[in-house]
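Next come two complexes, and both contain chain A; in the first it sits with chain B, in the second with chain C.
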Partner chain A sequence: MSDLAIGIDFAVNLIGTTHSCVGVWQKGRVEIIPNDQGNRTTPSCVSFSSTERLVGDGASNQASLNPTNTQVPLLGLLSGSMARVFGIKRLIGRKFDDEEVQADMLHWPFEVARRGDRPLVRVMHCGQQKELTAEEISSMILLKMKETAEAYLGAPITDAVVTVPTYYDNRQRQATHDACAIAGLRVLDTINEATAAAIAYGLDKKFYKPRNVLVFDLGGGTFDVSLLAIEDGVFEVKAVAGDTHLGGEDFDNRLLAHFVAEFRRLYRRDLSSNPRALRRLRTACERAKRTLSSATKTSIEIDSILDDIDFYTSITRIQFEDLCHDLFYSTLKSVEKVLRDSHTDRFDVQEVVLVGGSTRIPRVAKIVSDFFHGKEVNKSINPDEAMAYGAAVHAAVLSGEGLGKMKDMLLLDVAPISLGIGMVDGTFTPLINRNTIIPAKRSLVFSTHEDYQTHMLIEVYEGESVRMQDNRLLGRFQLSGIIALPRGVPQIEITFGISRGGLLNVFAMEKSAGYTNAITIAEDRGGLAREEIERMAWEAQQYKQQESSNTLRIASKNRLESYVYDLRELTATLNETISRTVEWVDSTERAEPEISAEEYDQARKDLEAAAFMIVQDICGLAWRDIPRPGRAIGDDVEDHSGTPSTAGTDDGFDRRA
Partner chain B sequence: LVSTALAWTKEDYEIFDLVGAIEAAEGPGTTFYSWLGVAPTATTQEISKAYRRKSVALHPDKNPGVKNIQKRFARLGVVAQILRDHEGRKRYDFFYKNGVPKWRGTGYYYSRFRPGLGAVLLFLA
Partner chain C sequence: MAEEEQASAYEVLAVEAEATEADIRRAYRQRSLKVHPDRHPNNPDAAQKFHELTEAYNLLLDPIRRSALDAQIKIKNARKLRFAAFDSKRKNLQEELEERER
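Right after this comes the complex of A and B.
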C-alpha cells in the first residue's frame, strides 16, 4: 500500500538508558516520528506484570516507580511482580557462555536462563513463567517503533533500515535481522550507527574536496569509531573499529561498585546481595553520572536502602573520572586502530564528530580532543536522533523514495571484522579482510591434507587473530564427495560473499568433480531457525491481539456503562414526569371547579411533549456510541424513512395526529 | 635456495585473474586505469575520487536488478584496493607496463584447468 520505508535507530544511546527512534523520509526531508506519548525517542524497555506487558515509555515509567513503590525484590522475578528488561542489545546474538554475558548477568535485574547455548530472559507474565530470547524482546521494541510509524503515517509499513553498532559481528547482525522478521519488518539493509550519524552530519553539506570525518560514538552500551571520506554525496567508510561492550552502562557499574564498597566500609553490610537495594543504587548512579557532566559535585541520597540505614554520600567529577579513567582511555585504542587501518595521519582528519550520550561526559570529549592535538570536536548533531535520521535517508535511497534529491548519494560501507576459514595447522586464513567494502566476494583455492581424503570439514571463523581458536566460530559444514587423490591435489575453491547488511555466504566447490556445498552463515551459527522465527512472530501477534482485545474490551465496557447510566437518568426523569401527571389527575378527582376537557388535553399534550423529548434523547443515546458498522445500518434506515433521529419522531407525530 | 624468476605469487595470480575478468566484463583492452577513467600517473587522491565516482555508477543500490552488478562492483572494490595500496600498485604497474605474461607457470594452469579423469583417459588413449 505504501512505498514508504522507515529508518529505525534501534536503541539510541542516551546516558543511562537506551532509547530507540524512528524516522521517515517525506517531502524531501527526514521527519523524526513522535510516539503515542509525543516523545521523539522511545525507551528500549519492556516490562511484564501480572496483568499486562508494557513497551516503551510505559515500561520505563514502571521501572522508575518500581524500585521505590514495590516491596518485592526486583531480581527475584519469580516471586516478583515486575521485570524490567533492559540492556538487551548486549545480549543479542550472544552465547550463554560468552564472558561478556556472564559478567553482565551480575548487573541485570532480570534473570538469565539458558537453553542450549543461548541466553534467555526469564520473566513472569500473567502468572506464567516465560523464557524469552533476546530477539523476541528486541522485536517487541521494533514492533512498537513500527506501530509508531504506522500511526503517524496512516499506512502499513513493512520495509525498514535498522541501525546496528558498527562493530557488531556476523551473528549479532543476523540476530537483529531475526528480530525484525519477528516484528514483521523486512530489512532493506542494516546500517552501521556511526555511518548513519555521518550521513546526518554530512548530508546537507557540500564538500568539494574529500573530507575525512571521524565519528566517535560512545553510547549507553556500545562504542564505535568510524573514519569516513565524504565527497560529493559519496560516504565511503575507510575503516571501523570499536567495542560492543563499552558504554554508559559500564560507567554506571564502576560507580555502583564504588558505592557498594563505600557502604561496606561505613556500615559493614553487604549491599550486593540485595537486588532491590542495588537497583535503587544503580538508578541513583545513573543520575549522578549525568549530573556530573554539568556539575562538578553531586550527592546521592537513598532512604532506607538496607533495613533502616539511610545512605547519604557524595561524589565529585574528579572521583568519577578516576574511577572510569581506564575505560575512557581504552577508547583511544580503537581510534588509533582506525587511523592505522586506513593509513591516515591524525592531522589529515578534518572533522571529529561526537555522537552517543556518553560523549556528553566532558572528560571523554577532552581525551578525544587532546588526541587530535587539541582539535575542536564537533558536537553539532543531535546525538539522540542522528542515527534514525541517517537510517531514514538510507531507507529512502534504497526504496527509491528519495531518488530525485539523492541521486548521487551513496554509502560505501565496510565489513568490520575479517572473515575466513580455519586451517589444519590451527591457523586462520582470512578471505575477506576487515574494512573491505561490501558487497564483496572472494574465492581462494584450498586442498586436502591427507592422502585419499574424501570428506572435508570447513570451519568459518571471524576475527583478527592468526590463531584459529582466538577467533569466533561462525559455523561449520562438511564437503563430501571429494575424489580420492593424494593430499594437496584436490582443488577446493571456497568463496565468501558478503551481501548488503553484512551477512555472510560461504560456498565451497570441489573444482574437478563439481560437487558444491553452500551455507549461509545465517542458518548455521546458532541463530534462530525459520520455524522459530515464525512461531515468535505468531506469538508477537498474540501479544498484540491480547493487548488490542484488552483495549477493545475496556472501550466496550465504558460504552455500556455510560449508556446504562444515561438511560437510567432519562427513565428516572420520565418516571418523575409520569408520576407528577398521575398525581395531578388524582388531585382533579377532588377538585371543586370541574376541570375542563381542554385542560386535560393540555396536560396530555404537555406530557406527550415531555415524553417525546425524553424518548428522543434515549434514541439519540442509542445512536451516539455505536461504532461504524452500526452507523452503516442507520444509513440504510435513512434511505427508507428519513434520518434515524426523526424515525422515532414520525412515530410520535403519527399517534398524535 | 634459489627461487625461479618466473614464480608468481598469490597476489600476482589475483591480478592476472582480475585483468582477464575485467577485459571480459568491461570490454577488451580495459585496464584498471582506463576502467576508473584516470591516467596511469594519477595520484592516490585522484584514484580515490575516480573510484567514488565510478562506484556511484556501479553500486548495486543504484542498479537494482541489473545482472552481474554485484560481481562488477566487487571487482571494482578489489581494483581500488590494489591501486590505493603502494605495494599493490607497484605490482600492477609492472604488469601494466610489461603486459600480463602469456605463460603463467604450470601451477597456475594446473590449479585452474586441472583435467578431470575423463580428459586424462582420453589423452592417454
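Right after this comes the complex of A and C.
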C-alpha cells in the first residue's frame, strides 16, 4: 500500500457546472492530477444508458449530445447530497405536489423517488430501473477521482481528504463520509472548501505578523464565508458562515423567471408548464449570465421554444444585476455574521480572497469590495484547483508525507453549527457553540424532569435557534437504568465530542451510578446503515467489473474485426495476383512467338515472390510484430492477440492453397 | 481542584500574566503546533492535551473569566505571602487546621 494520500475537491467550481479535482503532495509540492482525458478537472457527472454507465468527461459529452436522456449531471451529485437534507426538510409536513417540492424537482433532469424520508434518484440502467441514493452517485465520482490518482501514481490509494462546503451540517458531512466508504476511500478528514482555498492562498506566503484573511466563496450552489488568521503556517479559522442554498443556480432561476414572464407578456403563453422548454431556456440563461460577466449586453435566441414560436430577446448587465440585487446583497449578511462572531472589525481584515465561479460576476466583487471600504479584493487563486490544492496539503500533513516542508503547517478548523440537546420545555441547550475550534469536547450535567424517572430520552440537535423545533434533529438515544429518585436529584452528565472531520460523538453518564451510554451520530442518524454501505460498496465493485469486462469485450471485438478486414484485404490482393497470372498463362496458349521456358520461370518466380510477401504480411498480422502504418486500431501488442490470429492465418492460407 | 486547573491557564499557554490578547493568540498557535492531534496521529493523549490548551485559550480570551482567574491568583499569592510572613508557630497551627479540614 502506498503512503500517499490524495486531496479531492468535490465542489461547485464553475458557474452552473460542478467539477471535481484531485491533487497529491509529491516531491515537496502539490500536483493536480489530470484524468484519462488529460483534463485537470473532471465533470461531476454520471450518465446511465441502456448498455453502460459513464462517469466524468464521457458522461458530460453525452449530456450535450442528448440532454433529455437519463443523465445525472453534476447538479445531481451535489444537490443530490443536498437533496437528502433539503428533501427531508422540505418534504416533512408537505404534500408531494406542493409547489416548492415540485419546483425543485423540475430543475433536476432526473426523477426523484422517495423511500421513507430519503429521496432517491431514479435512473434506467441496462434496461432496469434503479433507485440510487445521493451517496451512491457521489461515490461513483469519488471512485473516478480515486482511479485517476491511482493511474497517475501507479499505486493503490486508500486515504483521502475530501472538501465539503463550509456550512455543511453534520448529516451532510456524514453523507460525504459514507460516499467515500462506498468508493473504498478512507477519509482522513473532511476540509471546508473556504479553508482549503485559504491554504492554497497562504501556503507559500510567509506572514510573520498574523493576518486576517476573509475567504468569500460563492459557487454554483453554495455560499461560504470564512475568516482565518494566518500566521507562520498556522491557519486558524476564526468564524464561518454561509448559505448552502445560494449560488449561481439561484441567479439562473431569477433570469429564468424574468424570461418566462417576458414570454407570457409577448405571446400570452405559459412556458412554465413545459419542462423541456424550461430546460432549454435555463441553459440559455446560464450562458447569458456567464456572458454578462464580461459583456454588458447579451441576447438569447431559442428556435421553436414552444410549438413554432422562436424566442429572441436580450438582456443587459444592469437588468441582470437588478434581478439578482437582493441575492447579491444577502451575501453580506454572512460576511457581517462572520465579523461579529469573531469580534473582528472590517478594517482589521487585511485580505479578502474571492473564490468560486459566481465571484466572476463583477457586481458581486464590487459589493464585497465596497463593504470593505473599497478594498482591493484578491482574485489571484485558481478557483478550479485551489480547493484540491488545499485538500492535498492537508492530506499530506495528516499522512505524515509532507512533514518535511510543512513542519509548521497546521489547520485549526471550527464547527460551523452549534450542537446541543433538546430540553423538555422545547428549548435548545447548545453544548458546542458554533465556531468552536475542533477537536473539542464539552460536558454538561442535566437532571430528571419527573419524580422516580428511570429512563431518559436524549435528543441531539443542531442549529442556532433557542427553539428546539427550529433546529435539526441529528439523533436520539435512550438512557435507562437511572436510579429512581425525586426529580432533579440524579445527575446525568452529557458529553459532546467533535472529532476530526466534524463528526459528533455523544456520551451520557449517570454520575451516581456510573452507567454510561454512548452514541455516535454515525450510528444513529437516519443516514445509511453499515450494511447498506457495504452493499453499495459491493455494487460499486460490480459496476466496475461490469465496466472493465465491457472494455475488454470491446477491445477483443475490435482486434478480431481489424484482423478479419486486414486478412481479407491481403487475401484479395493475393487472389488478384493469382488470377492475373492465370489469365496470362491462358493467353500464352496462342501467343506468337511462343513463350520461352525462361519467361514462364520468371512469371512463376514473380508470383512466388508476391505470394511470399503476402504470406509474410499475413504472418506479420498474426504476430503484430511488424508495425504497419495506417492501421486503424491503435491497440497494444498483447499476448492473447496471437492465439486467435494464428488460427485465422492457417484458415485463410489453407483455402488459398 | 478546579482552582488548580484554572490557575495553570497561563502555564498551559506559557504566557505571562500581563500577556495581551495578541500574545495569547500567538502563543496558542505556537503551542497548538506542538500538541494538535493532526501532528501526533499516533498519540492518543494529544486530543486531551489540545483540549486543555483550547480551554485555557478560551478562558484567557474571555475578559470576565480572565479577571476572575487573575483575582484568584492574586488571592492565592497574597495568601502565600502572608503564610510566608507567619512565624513557625502560626504556620504549624494553620497546617494543622487545614489537615483537619481535609
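Just so we're on the same page, the second predicted complex is superposed on the first by the 524 of 657 C-alpha atoms of A that agree within 3 Å, B and C clash if a C-alpha of one lies under 4 Å from a C-alpha of the other, contacts with A are read in each partner's own complex, and residues count from 1 in each chain.
Here is the rule we go by: a contact is a pair of C-beta atoms (placed from the backbone, for glycine too) under 8 Å apart; a residue touches a chain by one contact, two chains touch by 3 or more.
All figures in this text were calculated on a predicted structure; none of them were measured in a lab.
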Fit or clash between chain C and chain B when superposed on chain A: clash
Partner chain(s) touched by A:Pro34 [first = chain B, second = chain C, both, neither]: neither
Partner chain(s) touched by A:Pro362 [first = chain B, second = chain C, both, neither]: neither
Which of chain B and chain C A:Ile437 touches, first, second, both or neither: both
Which superposed partner A:Gly184 touches (first chain B, second chain C, both, neither): neither
Residue contacts on chain A - larger count, chain B or chain C: B
Which superposed partner A:Ile483 touches (first chain B, second chain C, both, neither): first
Touching partner for A:Gly620 - first (chain B), second (chain C), both, neither: neither
Overlap of the chain B and chain C footprints on chain A, listed as residue numbers: 210, 229, 231-232, 234, 236, 397-398, 408, 410-412, 437, 439-441, 500
Parts of chain A lying in touch with chain C, wherever the complex brings them together: 210, 229, 231-232, 234, 236, 397-398, 400, 408, 410-412, 437, 439-441, 500
Contact footprint of chain A on chain C as seen in their complex: 22, 25-26, 28-30, 32-33, 36-39, 41, 47, 50-51, 54
Residues of chain A defined as touching chain B within the complex: 210, 229, 231-234, 236, 397-398, 408, 410-412, 436-437, 439-442, 445, 483, 491, 500, 511-513
Chain B to chain A touching residues, read off their complex: 45, 48-49, 52-53, 55-56, 59-62, 70-71, 73-74, 77-78, 80-81, 111, 114-117
